[in-house]
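Shared between the two complexes below is chain A, which pairs with chain B and chain C, respectively.
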Partner chain A sequence: MNELRAQLQEWRVAIERRLPPWWPRALAVLLIAFGLVLPQLFSPTNNFINTEILALTYVMFALGLNIVVGFAGLLDLGYVAFFALGSYAFGWLGSGWFYKAHVHVLVHGPTGTLPGIHLNFLLILICAGLFTAFAGAIIGVPTLRLRGDYIAIVTLAFGEIIRVFALQGPALKIFGMPLTGGELGISGTDPPYLPGVGMFSQLNIRPWYYTIFVLVLITLFVNVRVRDSRLGRAWIALREDEVAAVSMGIPLVRTKLLAYALGAAFGGIAGAFLGAYTTLIDAGEFQFGFSIFVLAMVILGGLGSIWGVVVGALLLANINYYLIPDVFNSLPGDLGLNFNLTDLQVSIFGFLLVIVMVLRPQGLIPERRRKLELTEGIGESELEEPGTSWAGVEPGEVVQ
Partner chain B sequence: MTVESPAPAQALGSPIMRAEEVSKEFGGLVAVNQVSVDVPLGSIVSIIGPNGAGKTTFFNMLTGLYKSSSGRIVFSGRDITHDRPDVITKLGVARTFQNIRLFGAMTALENVIVGRHCRMRAGLFGSIVRAPWVRAEERAVQERAAETLSYVGLRPRQFAQLSRNLSYGDQRRVEIARALASDPRLLLLDEPTAGMNPQESAALTEFMRKMRNDLELTILLIEHDMKVVMGVSERITVLDHGEKIAEGAPADVRENQRVIEAYLGKQS
Partner chain C sequence: MEARSLASSTAPSVGRKVLFEIRRAAGKWGLVALLLAFPVYFAAHDLFIGYGGFANGHATRVHDLTYLGTNIVQGISNGAIWALIAIGYTLVYGIIELINFAHGDVFMIGSFTGVSIWTGIGLGLATSTLGLVVGLPLALLVCMIVCGALNVLIERVGYRPLRGAPRLAPLITAVGFSFILQNVGLLWRGGSTVGVSDLVRENKTVVQISGVVIHRADVLSVAVTIPLVILLGWFVSRTRQGRAMRATAQDPEAARLMGINVDWTISLTFMIGGALAGAAGLVYALYETTIWYLQGFEAGLIAFTAAVMGGIGNLRGAVLGGLIIGCIQQTIDARVGPQWTPFFVFGLLIVVLVLRPQGLLGEETREAG
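After this line comes the complex of A and B, so read on.
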């Protein structure tokens, strides 16, 4: 086993050495091209493309959560709250839900005359992002003085609070109108309209695909830029040692709340998109299980590793929405067993996670730093002669 | 290395940091009891005392990690008693820790760059857009961090190593470099020679003087090694059981009866 691993490592190093320095860029361009061509290879209502739309939405969720958990090291178990708030932002601002209001901003066609609040789709996405960023900062406040497991408990409770509010929404009236549709959901949402693309519909899901594809690219861009910035370093410093970080001049409150807010904003935008795509904002969806599902993507891919998280999210979403229900569902039946694979969905997940955690605890594509930790020799510099000179000051020399 | 000192010029010898009857209680335990210390500008001052005397607690109050229960702390003419640690750092106070607290998963260079945080301006949007001034700032900070690491004697090929994987002595260097990165005017060193052999301690002692001269620093240190303390300090404050029992020049403190008792026990 160890020999095999050493051999693989050797090959990898050999391959990496032979690749030109621009290969990551080339790979990224290839992948983007592949992503752009993919829906053209299938029919406009193909179920696989439908799955990929969901998978890309989960990539966005996972990238958002990765900022909070991976970069800043704040274990957030209530991420579903931002899915819910983003979805509701879409439901409230893009449907006839608040039927007493008549607000129309940059909407097209018949939507322009309907009662309710109807904003342009892109405008709603921006509003959802801002709204959830604000909510994220608020949920961050009570966790500021907490560490580790305690943050997990507070955020978990926050997720549950939002869920219960969503469920009880029909009883909560503002201006005589219910806040949410509870388990019946908010339906009749506006189909998005973009100039040049037209009205989105379920008869051709390609525009949906391209929309979320672009959203994911934007998310990736922001993630990479922020990770390699002053703010990204501050998050990692806080994650590594909070006391040292504040002593080095990093403002604790600001920095942590920015992590919560940015992570929440991506969750909210993805939530709004998902609300638009499924056309139903149903309180029954906002389960604790969602938070765990997204967290599993982050951990499976590699905490703090942007590309790892993308792979983790694509993998788990495809297994969950495509491989198990569509491809292998009848496998046990074909083997003469009396159950469907979907019955075992959760246990299959558990099993996969256990395997990955045992074989690759650092995740599928570990963060660069974690990789360094594992590959770099420990205390390499100790092997060299111990340096007793401090900046050219030799022992015995006297500085006046 | 060049030093930009943002604060107004002060007369040499006037106190840059002044603690006035500062106390800290944890529940019923009085860890520091009405301790007053003056740190003259440009000097090297030591705080010594047996284990548990309250030295580190005192340090933590000076840097804002602990809020003092009573008393007043003034830095460079400004009352910082109730300021947050990051604000105090920005005012020009930097520190190291007794048990090295580097960011283990960051490289030596990154550690020093983080130390520069409070002198940088790039925010969320600036970083996303990566405006020309943000790029310029990043580049300047990288160069400066490398310079600072060289200044404390780290070899260039160690800059990109994870700080966790550096040897103990090199970790000490990186920690001092990280503290220097914020352009401090007052540097607090918490037992900088802990775990060092006599030659290393001697070299560090000289290095402290060099830093003070090169960077126009004032240094306040906690130290156990008497050779270092007596060799480098211009003033010494002795704490025992949270109280100040002596203060003065090294020669006076060495002869002080209460200090000898605190260290060696009372003769019966």
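After this line comes the complex of A and C, so read on.
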């Protein structure tokens, strides 16, 4: 096993040496081009493209969570809260839900005369981002004094509280109108309209695909720029050693809250997009399992590693929404067994998590900076030791 | 944290001093005051405003504490079950600092196993008291062994290879095992709640103390929990293995140097935690008379809240936290509506962590500092 690993490592280094220095950029351009061409290869309502839209939304969720968990080292188990709030922001601002109001901003076609609040799709995305950023900062406040697993518990509790409000929304009235649709959901949301594209519909899902594709590219750009900025370095410093970072003059409150806010904003925008795409904002979706699903993407990909997180999210979303239910579902039947693979979906997923974590605890594509930190001054043989520290824990401390 | 308190002490001002004092007092007494506020408010409400009840055969408003007493009795018996599960969380967290997400599902497997065993050995509604007295402890024992073994297996496969890995890695394997167990439960008994035969006639009155009815279920859960907790307390504080557990929890490296078999000790901890979850599972099945495959998730969150509230890593804290959460849960269930219970339980959890991160009985830890 170790010999095999060493061999692989050798090969990787050899390959990396032979490639020209601009290969990552070339690869990125190639991947973007591939992403742009992909929907054209399938019919406009193809199920695979539908899955990819979901997968890209999850990439956005995972990148948002990566800011909080990966960069700043604040374990957030209540990320579903921002999915919920983003979705509701869309439901409130882009449907006839608040039927007593008559607000129309830059909307097109018949939506312009309907009762309710109707904002332009892009405006809603921005509002959802701002709203969830604010909520993220508020949720962050009680965790400021805490570290490590305690942060996880507080965020988990917030996630569950928001779910209770989402479920009990019909009983809560604002100006005599129910707050949420509960388990029936908010339906009849406005189809987004973009100039030059027209009205989005379920008959042609390509515009949806391109919208989320562009959103993901923006998210990636922001992530890379923020990671390499002063703020990103402050997050990493806080992650590695809070006391040292604070005594070096890093403003603790602002830096942490900004991590929560930015991570939440991306979650909120992705949530608003998902709400628009599914046209139903249903409280039953906002479960703890979602937070875990996104966290699994981040950890599987490699904490703090932007490209790792993208790979992890695409992989898990495709396994969960495409490979298991659509591609391999009839496999046991073909082998003469009388069950479907979807019966085992949850345990296959769980099993994958266990296997991958046991074999590769640092994630598929670990962050380079962490790898460097770990291997600095240690012999080559230590390179493959899975010893990355997780923030909130003193470096060098290990789970025993 | 140290840096901030240092900064505040080098630049003293009256306002800051007052703020600091208020914060210290809030940290010390705020939580206790908050917890006392619940019963005091409801007692005052019942006494002065009254609640709807029956007297002499017609509906009327009653002004006494019977309702609150019923809430508390049911809360204690329900809380006893949460306490058993919370001990599992607190033991595991105390020794390897891992939130064992699979624990709630081990409890669920305990319920399922318990029901299968008692139907397997032929216990049913027609069984005599003697049959139950012999059969149920047997089922309890098997449940505890099965769940203990399951928990040890999970530790062996999922957590032991990850000692020394990033801290989040075992958390994810724990989630993975939680999913696997849920799927097992789903395939075992289907996706909806399953009614099980009410062996002990849980609603039968045992005794009535000034209007507060104590049912058989209440007696059962407390009667199972108390001996187990006492036994565990004795084990941890008095025996050689218990001392090894405490030593490992304090400093695994030093414990290893002192000749303690750390791996074995951790396995033992998981076995005890699993066994208690198994016992809780069987009691839960008798107590609620319904089981379903997601019961472990909810119970896990509640029990975990209990463990944190009591002070994670502290056995007595876990029991106290379980009882308190049970009381709050039953009171809110009865008075506000069960759909709002998670809001109160988790809201309280946040308040606990803000006011007193180390929990009611816990000591200051590095993490909560």
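Assume the second predicted complex is superposed on the first by the 373 of 400 C-alpha atoms of A that agree within 3 Å, B and C clash if a C-alpha of one lies under 4 Å from a C-alpha of the other, contacts with A are read in each partner's own complex, and residues count from 1 in each chain.
Throughout what follows, a contact is a pair of C-beta atoms (placed from the backbone, for glycine too) under 8 Å apart; a residue touches a chain by one contact, two chains touch by 3 or more.
Small disclaimer: the values here were computed from a predicted structure and weren't measured.
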| item | value |
| --- | --- |
| Chain B versus chain C as contact partner of A:252, first or second or both or neither | both |
| First, second, both or neither for A:158, with chain B first and chain C second | second |
| First, second, both or neither for A:288, with chain B first and chain C second | second |
| Partner chain(s) touched by A:243 [first = chain B, second = chain C, both, neither] | both |
| Chain B versus chain C as contact partner of A:351, first or second or both or neither | second |
| First (chain B), second (chain C), both or neither touched by A:232 | first |
| First, second, both or neither for A:146, with chain B first and chain C second | second |
| Chain C-contacting residues of chain A that also contact chain B | 243, 246-247, 252, 386-390, 392-394, 398-400 |
| Complex contacts: residues of chain A adjacent to chain B | 221-222, 225-226, 229-234, 236-237, 240-241, 243-252, 258, 262, 369-370, 372-373, 376-382, 386-400 |
| Chain A-facing residues of chain C, complex | 1-4, 93, 95-99, 157-158, 161-170, 172-173, 175-180, 182-184, 186-187, 248, 252-253, 262, 266, 297, 301, 304-305, 308, 339-340, 342-343, 346-347, 349-350, 353-354, 357, 366-369 |
| Chain B residues touching chain A - in the complex, by the definition given at the top | 63, 65, 84-86, 89-90, 94-95, 97, 101-107, 110, 113-115, 117-118, 120, 122-124, 127-128, 130, 134, 138, 150-153, 155, 158, 161-162, 164-167, 169-170, 173, 178-179, 182, 197, 199-200, 202-204, 206-207, 209-210, 213 |
| Sites on chain A touched by chain C in the complex | 69, 75, 142, 145-150, 152-154, 156-158, 160-161, 163-165, 167-168, 242-243, 246-247, 252, 288, 292, 295-296, 299-300, 303, 343-347, 349-354, 357-358, 361-362, 385-390, 392-394, 398-400 |
